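Same chain, two partners: subunit A is paired with subunit B first, then with subunit C.
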Partner chain A sequence: MLLPSRFSRMLEVVSAMIMDLLGIPPQVLFGQLLIGLINGAFYALLSLGLAVIFGMMNVINFTHGAQYMLGAFVTWMLLAYLGIGYWAALVLAPIVVGLFGIVIERTMLKRLYHLDHLYGLLLTFGIALIVEGMFRYWYGVSGQRYAIPAELTGGYLLSFMFLPTYRAWVLVVSIVVCFGTWYAIERTRLGAYLRAATENPTLVRAFGINVPLMITLTYGFGVALAGIAGVLAAPIYQLTPLMGQNLIIVVFAVVVIGGMGSILGAIITGYALGLLEGLTKVFYPEAANIVIFVVMAVVLLIRPAGLFGREK
Partner chain B sequence: MTATSETAERVETGAGAADAAAAGRPSMSLAKKLGWAVAIVAVPLLVVAPHYFYPVFLMKALCFALFASAFNLLLGFGGLLSFGHAAFFGGAAYVSAHAAKVWGLPYELAVLMGAVTGFGLGLVFGAIAIRRQGIYFAMVTLALAQMVYFLALQLPFTGGEDGIQHVPRGVFLGVIDLNDNLNLYYVTLGIFLAAFWLIYRTVHSPYGRVLKAIRENEPRAISLGYDVDRFKLIAFVLSATLAGLAGGMKAIVFQLASLTDVDWHMSGEVVLMTLLGGMGTIFGPAVGAVLVVTLQNYLARIDIPVPVIIGAIFVVCVLLFRRGIVGELEALLKPRRR
Partner chain C sequence: MTMISRATAVGALAGLALGTGVAGAEVSDGVVKIGVLTDMAATYSDLSGRGSVIGAEMAVADFGDMVAGAPIEIISADHQNKADIASAIAREWMDVEKVDVIVGLVTSSVALAVQGLGKEKNVITINSGAASTRLTGSDCARTGFHWAYDTYAMAAGTGRAVVQEGGDTWFFITVDYAFGHSLQGDTAAVVEEEGGTVLGSIMHPFPSSDFSSYLLQAQASGAKIIGLANAGSDTQNAIRQANEFGITMAGQSLAGMLMFITDIHSLGLATAQGLYLTTGFYWDFDDESRAFAARFEALKGAKPTMIQAGVYSSVSHYLKSVAHAGTDDTDAVIDAMYAVPVSDVFARNAKILPNGRMSHDMYLVQVKAPDESEGPWDYFHVRREIPGDDAFLTVEASGCTDLR
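Now for the complex of A and B:
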């Protein structure tokens, strides 16, 4: 891809400045920032799903990591067993995973709403162990391969870095889905019902709206978001049964930092922390794994409700 | 926010302070009598047990029983669900192993170092985590513990993926050779009983009463003038210290400190032990720990992966069996009121 010449000149100057000032080749810096941004795209999608579920049901969905893994595995299975490719999987896999979530909600989670919310956490934790354990039993830990779809291979050679097409695609999908969700919840009539039901379910039921159904669908939708993240991850991340379990803890930290109250907060925090992690990899690689947890501790000390949260 | 539903559930489970208060003195002394009865039966059994069972297995069960009991102090009596107790257990295991192997400290000091590690980590974690409640508390402790996991993976003294192996058991108080399994068993048992007694005394002290009151109704405890955060922090630190003690003991018994000890599955396991045995009961977590450890021992030979079984028990416990084994027994023994 050719950039307008003046813009690319400018980038070259900036690149040279980065090299002089920081002593780091700009390719390395931007490369890591891109990886950070991609990670951030996944953090945003996953924490958005958690926030949607939590906002409606007050349940922390510990199965979220397993459902992300399921999304990736369903994508792989569709191709391996049924010959269904990436583009169809992009729609089918989230639906399958979402249905799985709906079954969980209808058969188990539903029974726990009148109890302390901690039981929801414990139940979903148990389900995550079962799902991940079974997939590990069936497929081992070595990981499967899933090729990047032909339309999205290759990349753009920019003057300061190489941008693989698929990574750009992940970013675009993530942004579209995140803001689509935000719009649906904050700006549409259905979203208004949803928010009303969060505030006062009894009153909303009195208006003739089927709140239990809404709760079920909300859970299914939140889980489907994890499924979408899984499909996006299948071609670029290690496709193993355990791919979700460490990621989900980072996402929990992201959620605590952003504060659960806000949809937009979850999205922004996800991207920002992904970038921060990328930056840390450039300047102090040893701390890259823990930087998000450190940020969480600091945020809790300064603003216990989280950056975008409201203290209830 | 969640206070009302919490209270409803806890009163329903019936093992809490509200019950004892409602029943007045007779029920309290009944609980006490039961406690003594269990102790009188259990202690001699524990003393003769190593002649019938493999001592290392029994020691593992004791370490986890202490770990779960320490955890229960926080969850069962303080109402705080920590999902990061592996950090105290595993962090202490590393420090104790390092102290015994590299610094050459004797058994008692090495284990003490483990408890001190638990104390220090507990103080830091507690100060951060008690700023949030309920679900957030669980997530914050989980995230902080994951930080300890990554530190254990990366710090030079922990041996990365290998962990610290071949930790010498040493000599207890300069007299008792701990390389003999039976000797180590009795030392472990002694420490376990002492720590268990400490937990029992804490729960039944005025401090324990206030802690339960905070669990039942935090706003009311505040309005009565209690410094709620301080009470919670003390419970957290005490729980972490004892979890550290258990971790240190475990490291010496197995002569190994590894990433398994700090992994978040360990945090989940201790929750399960407590839930299965009965949270908020004195003996429940120990019973749950023994059951889970036994189960893991036998399941290792079966084809079905252990996490699946653990997960299934979790689901069953949460859906059908929230009082746990000891909790159900207590409910059966207690005369029905109302």
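Now for the complex of A and C:
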């Protein structure tokens, strides 16, 4: 790809500065930043789902990692057992996972709303253990494989790295879904009802709006977001029943840093921490999996409600 | 079926011949108790886990469930790859359950902890799963045996073959715990001994799912070979993503320093073809190994990995030694383990070195291309048999001081 000459000259100057200041080649730095942003795309999608569920329902959804894993496994099962490919799975798998969430909400979760947060947390944590345990029993931990769809194989040779088309796709989908969700909740009439129902359900019900149904669908939607992340992950990560377990703790840290329940906070923090993690992998890789928790501890000390959260 | 019954009959006869000859057999608590301690549910559970318990059970079945006039009992537990959990279980097994031997033990940090405990409490531990050479080196113990393979064997097999094929510059992507450090160190030594150079390395947390960032740094190093000093899903993710990022297409090659047949099964031949790896067991090696694998597959639904076959072999040798000694007394059994010849479907041309290392033939194999394979599990060309003397460190080089 040819860049306009002024831009490319600017890039050269910046590159030289980076080399002087940090002592690493700019190619490596840019590559890592882009990779970090792509990993951040997964964090953002997953933490968004958690933030929607917590913000609208005050439920700490510990099943989220298992639901992400389900998204990936449903994608794989659709192909393995029914011959349904990636593009259809991109729509079907989140729906299936979302329906699974709705069943949980209708049969179990809704009975706990009047109790302390901890009960919801324990229930969803238990469900996660059961779901992951069942998949481990059926499929083992070595993992299944899922090919990248033919339309998205190959990549772009950028001046500083080879960007696989599929990773670019992940980034685009994540940005569209994240900001679409933010817009729907913060800027539309439906979103306004939803936020109102969270503040004062009795009043909203008095206006003739079916609040329990709205809550059920919100949970289904939040869970479906995890399902979408699962579909996106299927072709690039080894598909194992444990894939959500490894990610979910980090994602919870992201939500806490962003501010529990803050939609925009979850999205921005997701991408930002992906970038931060990417940089850590260059300068001190051993710390890559703790840097997010260090940030979390610092943020909690300085701003207990999180970067974008409001004190209650 | 005839194979199965014949193998059982031979085993039972061996047990009878060795065991019943000793008069006044003394077995503590009237039972020989074997503890299989391994990863039952996490990253390493497919390559050890339930399959390791099955391996032990097969060895016990060969003896007709009796040795030295006493029944044999197997107990098992999940150590979750955590040294503290493993130590707590092992301590309880040694103090309360009175186990006579602990086998299995995947994950080096776990194996080092449990072997240390065995030394303190005078209980035999036979490790088939963990890889660190420290187990028979600086941390060796008179009561500790290392059975299936170790990081040096992997380095000596795969590392040497790759350098000899022209891969003389290396960059390591290494998992950040005892095993990864040991594997990288041993491989780097072999690479340099063969005239190659190591350009750099990077440590990643255990476990990791995204390797793109490490792979790009490995790519930037310009090394011909990217050595993956990790295992299980870490290695699989790294190999998949190296394909995705066009690293292998751009001319760099990967060397998986510790890979199991289950990894190849998951990755698929299209992704894994051409990789060299070193293994202590391949089911399709000869009639004896095929018969053993068929018997195992009937119980597990998969072919055995070298760890699972190693657990079978270690339990089998332990029981032969108990039969020979006529007791399960630790010191007598250790003497017998050195006295009884080590020989079974897994341990070929084998012997136990005075540092506890079981030295046996290893195999350098290359992963088949999809059109060369006749079906599931038909994955390897055996390229070279590596005699035990070449595959494992000598006692002098191991640095072990607690020799038998």
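Simple rule for what comes next: the second predicted complex is superposed on the first by the 289 of 312 C-alpha atoms of A that agree within 3 Å, B and C clash if a C-alpha of one lies under 4 Å from a C-alpha of the other, contacts with A are read in each partner's own complex, and residues count from 1 in each chain.
Rule of thumb we're sticking to: contacts are C-beta pairs under 8 Å (C-beta built on N, C-alpha and C of every residue); 3 or more make two chains touch, one makes a residue touch a chain.
Please read these numbers as outputs of a predicted model, since none were measured by experiment.
Colleague: Using the overlay on subunit A, decide if subunit B and subunit C clash or can fit next to each other.
Modeller: clash
Colleague: Once chain A of both complexes is superposed, is A:Val255 in touch with subunit B (first), subunit C (second), both, or neither?
Modeller: The first partner, subunit B, only.
Colleague: For A:Gln144, select first, second, both or neither according to whether it touches subunit B, subunit C, the two together, or no partner.
Modeller: second
Colleague: Who does A:Glu286 touch here: subunit B (first), subunit C (second), both, or neither?
Modeller: both
Colleague: In the overlaid three-chain picture, which partner chain does A:Ile60 touch, first (subunit B) or second (subunit C), both, or neither?
Modeller: A:Ile60 contacts subunit B only, not subunit C.
Colleague: Under the stated touch criterion, which partner chain does A:Arg136 make contact with: subunit B (first), subunit C (second), both, or neither?
Modeller: A:Arg136: touches subunit B and subunit C.
Colleague: Who does A:Tyr237 touch here: subunit B (first), subunit C (second), both, or neither?
Modeller: In the superposition, A:Tyr237 touches subunit C alone.
Colleague: A:Leu247 in the overlay: touching subunit B, subunit C, both, or neither? Say first, second, both or neither.
Modeller: A:Leu247 sits against subunit C, while subunit B stays out of touch.
Colleague: For the superposed three-chain model, which listed region of subunit C (56-64, 110-118, 164-172 or 218-226) is the one that clashes with subunit B?
Modeller: The superposed arrangement places subunit C into subunit B at 110-118.
Colleague: Can you give me the overlap between the subunit B contact set and the subunit C contact set on subunit A?
Modeller: 133, 136, 246, 286, 289
Colleague: List the residues on subunit B that touch subunit A in their complex, please.
Modeller: 1-2, 5-6, 8-9, 81, 83, 128-129, 131-132, 134-136, 138-140, 142-144, 146-147, 150-151, 153-154, 264, 268, 271, 275, 304-308, 310-315, 317-319, 322
Colleague: Which residues of subunit C touch subunit A in the complex?
Modeller: Residues of subunit C touching subunit A: 41-43, 45-47, 176, 202-205, 207-210, 212-214, 216-217, 220, 232-233, 236-237, 240-241, 244-246, 250, 262-263, 265-268, 271.
Colleague: Of all residues in subunit A, which touch subunit C in the complex?
Modeller: For subunit A paired with subunit C, touching residues are 25, 27-28, 31-32, 35-36, 38-39, 133, 136, 140-145, 148, 155, 161-162, 164, 166-167, 236-238, 240, 242-243, 246-247, 278, 281-282, 285-286, 288-289.
Colleague: Any idea which subunit A residues touch subunit B in the complex?
Modeller: 54, 58, 60, 108, 111-112, 114-119, 121-123, 125-134, 136-137, 246, 249-250, 252-253, 255-256, 260, 286, 289-290, 292-294, 296-297, 300-301, 304, 312
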